[in-house]
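Next come two complexes built around subunit A: one with subunit B, the other with subunit C.
Entry: the complex of A and B
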């Protein structure tokens, strides 16, 4: 297990080096002065620029510049947003939790609906139910998310008026910013109306989370179905059948458990694509997360925000991968034997 | 697919019910949504001090929510009524105006300021001296621009302000002026707190006066996030009966479709400048309010340049314009056809005006008289590039006029620039004719005539016709000087007739202002001058 961990850690460090080098080179590839692109100091006067130049070693070789950039990144200095002139680190600290919250809820919805449906499809393999489920999962997977989002707003917000169409919480509730995760913050707050706020926040997250969840849910359906089919073919299931266990016992005691190990392994992989979907969805639902902010930054040519925002996002997704890998390894001793990261 | 609108609430209530049932402790509190109003506004305010701006967006967000004025206009007949001044007195020669202030007016008590005294003469003097005196410590804070007061030559009207006692002040005017009292009742002439200003000066953070506002109005400032929202709380010690709602939110939603969506999804209680009027009208849970605003859209001629330096050509064009077609195609019937510069719903001057009716024959006759061959004349029509309440689509209007002019043998090109450039070139007089408009600042006919057609406005640039007529200016001056309202009316009647003869511009329409709201919101009156007032709003 230790060896596995060390190998993952070294992989992480090398990937970080590559990612930061990429982000650093973006500053030179974007139009404009690389120093300003790196720091976002668009209003700095010449003296301040000279001081900044010394900090970032702009006179020295590229390698030194890179390492001084790395030093700033590690100390948490991600520069200023060119558009708002606020530190990017603090903006990200405000925005990333909203995206994570949306992604986690969406992931939970996708797993709770997708996995059981996949199992059902496998159990009814080559029958009508299987066909119907497969057809719907194919359609669900092919629907463009922005179209689905708009459709959901049209039906559930405008026509039916059931759920709100924009934002994370109605403006009328004032919730202090503690962790950045709104639902946790609401539960922590001492606002008289906190349970109303909680109900409102729940109503706000349903629609975007369901939209984000659709594509991963269809992936989970197919994944769970294939895994279950494989497991139902294995010799130990056959042995169980031969022993005279009932179908129900076979499925619940043996098949589901073993299939879940495979599914959990893919959750981490799905999380990355889920974040991407969440970012597009944020724009449609005016969700105050990192996706909307990054897309606004692209419109505003806010290079500092783009390069450092992407860097932080990639690091975050990579960390999620490592955590799921480690959890998987912890759960499944067989995986630890595979010492090379795959 | 129309379900009852309350199903949204059913979901919320059932979520709440689940929480109640799950045994969490909750005090008996009514739903906060019923004590709050969310107004979806069209843009961010530039400042929280109406003295320093002219934009309707800022006025809506601040003027009636945070502040009071000395006087105000009666919403029925636009006469002046007391507000912070409980009464006032004008000397016979009209040069001294004394105001007697109320003694029970409390300023806002907020996180950043706690008032120790009620409103008194010092506050009034501070508020106006800040505008009048160039060397006042607060004059240059926030840029030193007071556009409404500069346009009105306020500094040359007011000689000085005298404090008689704590609750009495006297304005010494340079001469009698009819418009002075009206200008004190406009959205811009708000009263700030001198005590707060002193406190800020001690902390050397003067700029905060217009960022963290303190006033006497029905709501107090709580929070503002640029481009996102403004949060106001009720001012508990408001000198009139306090507002009926606990908090007021401005949800800043510049996108027209976004505002409509939020209204339909009941995320907003009220939206500014709604689109899709028909959808809102037909919706069972929504209402559409409208009011004829004090504005006018007009087609102005540059009277300094050929061919419109010739009165006959101007008259011919005026006869050729089919205003009814414009009413249908540009305003969708949501405006009144203009008969003169003044909106008829405000002042009934129009009956005896010899107005110009649509007549191609008459137009051709006038062109022939001016010696212009059909097809020999080409003009530029400048159409403003932005949407305004008085003109939702100037380019379409220009196309209609282009077709009308074609009928009498005048060719035309439509010209448009980016808004700031457009205004700059317009002020330079580079245009031949222009489609633009005007919204009044206060309920006085003078506020239409002087800024649009007087000689002084031809110099400062708001007179787009660059028309300067001594007889007309004399009529305006006489109207301001007289104290008899009958006499004044007669002067303005003559002024209107003079415009109809000389045609420096063709008034086209007085449009309405719209506002959509959920039917559960009651008590909101849309004011013809723009500033919205949420004091009497309730929600059930």
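Entry: the complex of A and C
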């Protein structure tokens, strides 16, 4: 397990180097002065620029520039947003939690619905149930998310009026900013209206989270289905049958566990595409997350924000990857000892 | 009374275009306390036959049919499937080929052994039952000759050697105190010392518990030492059955003859470096089975008549399925 951990750590460091190098080179590839692109100091006067240039070693070799950039990033200085002139680090700290919250809730919904449905389809393989589930998952996968989001707003917010269509929380509630994750902050706060606020936040997150979850859920259905089918073919399931276990016992004790482990392995990969979907959905639901902010930055040609926002986002996705890998290793006794570093 | 009496069991692989007869009317009888070897080349359908007996073949892919299937005098074909399965799984246990693949990789050996202990052997409240299960598992492990039971119970399958896994599989099979144990190539891919240990273990189970064993192997010579009777199969067809002595000293079927001729031990009298006799060619694949006697294309005695499948002839319990058997040569 230790070896496994060390391998993952080295992989993490190496990837971080590549990612930061990529972000760094973006500053040079974007139009304009690389120094201003890196720092976002559009309004600096010449003296300030010279001071900045010294900080970032603009006169020295590329490698030194890169390392001074790394130094700034590690100390938490991501530059200023060109558009708002606010520190990007604090903007991200405000916005990223909302996106993470949305993504995690969506991932939970996708897994809780998708995986069991996939298992059911596999158990009823070659029968009506399986065909119906497969058809629906194909349809669900092909629905464009923008259209689905608008449709959901139209039906559930405007026609039926069940769920709010925009934002993260009603303006009437005031919640102190502690962790940035709204639901956690609500639970931490000691307001009298804590539970009303919680209910309101839940109502706000349901619709966007479901919209984000649809496509990943269909992927989980197919993933869980194929994995389960493979597992049901294995010798140890046959041997368990010969042991005299009932079908139910075989499914619960052996098949589900082994299939789950294989599904968990793919969560990291799915999470990356789920984040993208979440960012698109944020625009529809006016969700105060990083997606809208990034899209706005692109419109405003806020290079500093684009470059460092992408950097932080990729780091986050990579961390999720590592967490799922570790979970997989923790669940799977085989992977714990096998010494591969991929 | 026969323990197991199977007559003309066929297994068809259900295909898209047409079905393939993988096992073609094979008969098999077992007496109580008997060790019977089931021998044939790789791909001759031994494992299929065994899996059909215990009923674990996937029903959507295989169709099994038999003229007679008696278990201790009871006609299983008349019973509904559920009952049939219940009877078989109570009295018949099987150890599959490739023991490591037959153990759930994510569950400890202990847990897998515990769930094999049948509910009917336990009594009392559930916490008492848990204790009994644990004790039963340790006893089972001792019975198959595993002394470090704590280590074994807490291990995952991949942490054990092939031979240990095979012992665990035998322990799992023994948990239900079966009357018949089907052992599918229990010693394949094992060193010869380990092979001997496993065979001795099976032999002692047979002698002490009067357990019948169907010992499947692709190597005729390997099992003759341990069996009372032998059934030979080739490419899904019945070839020959008889006592080990009959098969070994007076094989009636050209295929059995060839098997014996190709084994070095039975040919001690051959001069050094002489060629061993073997049949030309190899076993046909399922998609291209010859009609009639499937040995035809490889058989040294084949004649025109062999395009019709031969009938089984019985000479004092020595059964052979061949138009031109070697009986007259002796």
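By definition in this document, the second predicted complex is superposed on the first by the 339 of 342 C-alpha atoms of A that agree within 3 Å, B and C clash if a C-alpha of one lies under 4 Å from a C-alpha of the other, contacts with A are read in each partner's own complex, and residues count from 1 in each chain.
In the analysis below, a contact is a pair of C-beta atoms (placed from the backbone, for glycine too) under 8 Å apart; a residue touches a chain by one contact, two chains touch by 3 or more.
These numbers come from a predicted model, not from an experiment.
For the composite obtained by superposing both complexes on subunit A, the positions of subunit B and subunit C are free of clash and fit together. Residue contacts after overlaying the shared chain place A:331 against subunit C, while subunit B stays out of touching range.
Of the two partner chains, subunit B is the only one touched by A:199; subunit C is not. In the superposition on chain A, A:254 makes contact with subunit C only, while subunit B stays out of contact range.
Of the two partner chains, neither subunit B nor subunit C is touched by A:177.
The superposed model places subunit B and subunit C at 150 degrees from each other around the C-alpha centre of subunit A, with the value given to the nearest 10. Residue contacts after overlaying the shared chain place A:234 against subunit C, while subunit B stays out of touching range. In the superposition on chain A, contact is made by A:165 with subunit B only, not with subunit C. Here's the short version: in the overlay, subunit B gets within 33 Å of subunit C at its closest Cα pair. Subunit A meets subunit B in the complex at residues 153, 155, 157-167, 170-174, 192-193, 195-196, 198-200, 202-203, 286. Those residues of subunit A whose C-beta lies close enough to touch subunit C in the complex are 125-126, 234-236, 238-245, 249, 253-254, 257-258, 261, 331-334, 337. Within the complex formed with subunit A, the subunit B residues making contact are 1-3, 5, 7-8, 11-12, 15-16, 19-20, 24, 26-27, 29, 31-33, 36, 38, 223, 229, 231, 247, 249, 251, 258, 261-262, 264-267. Only residues 51, 54, 56, 60, 89-90, 93-94, 96, 98, 101-107, 115-116, 118, 156, 158-159, 169, 172, 175-176 of subunit C touch subunit A when the two sit together in their complex.
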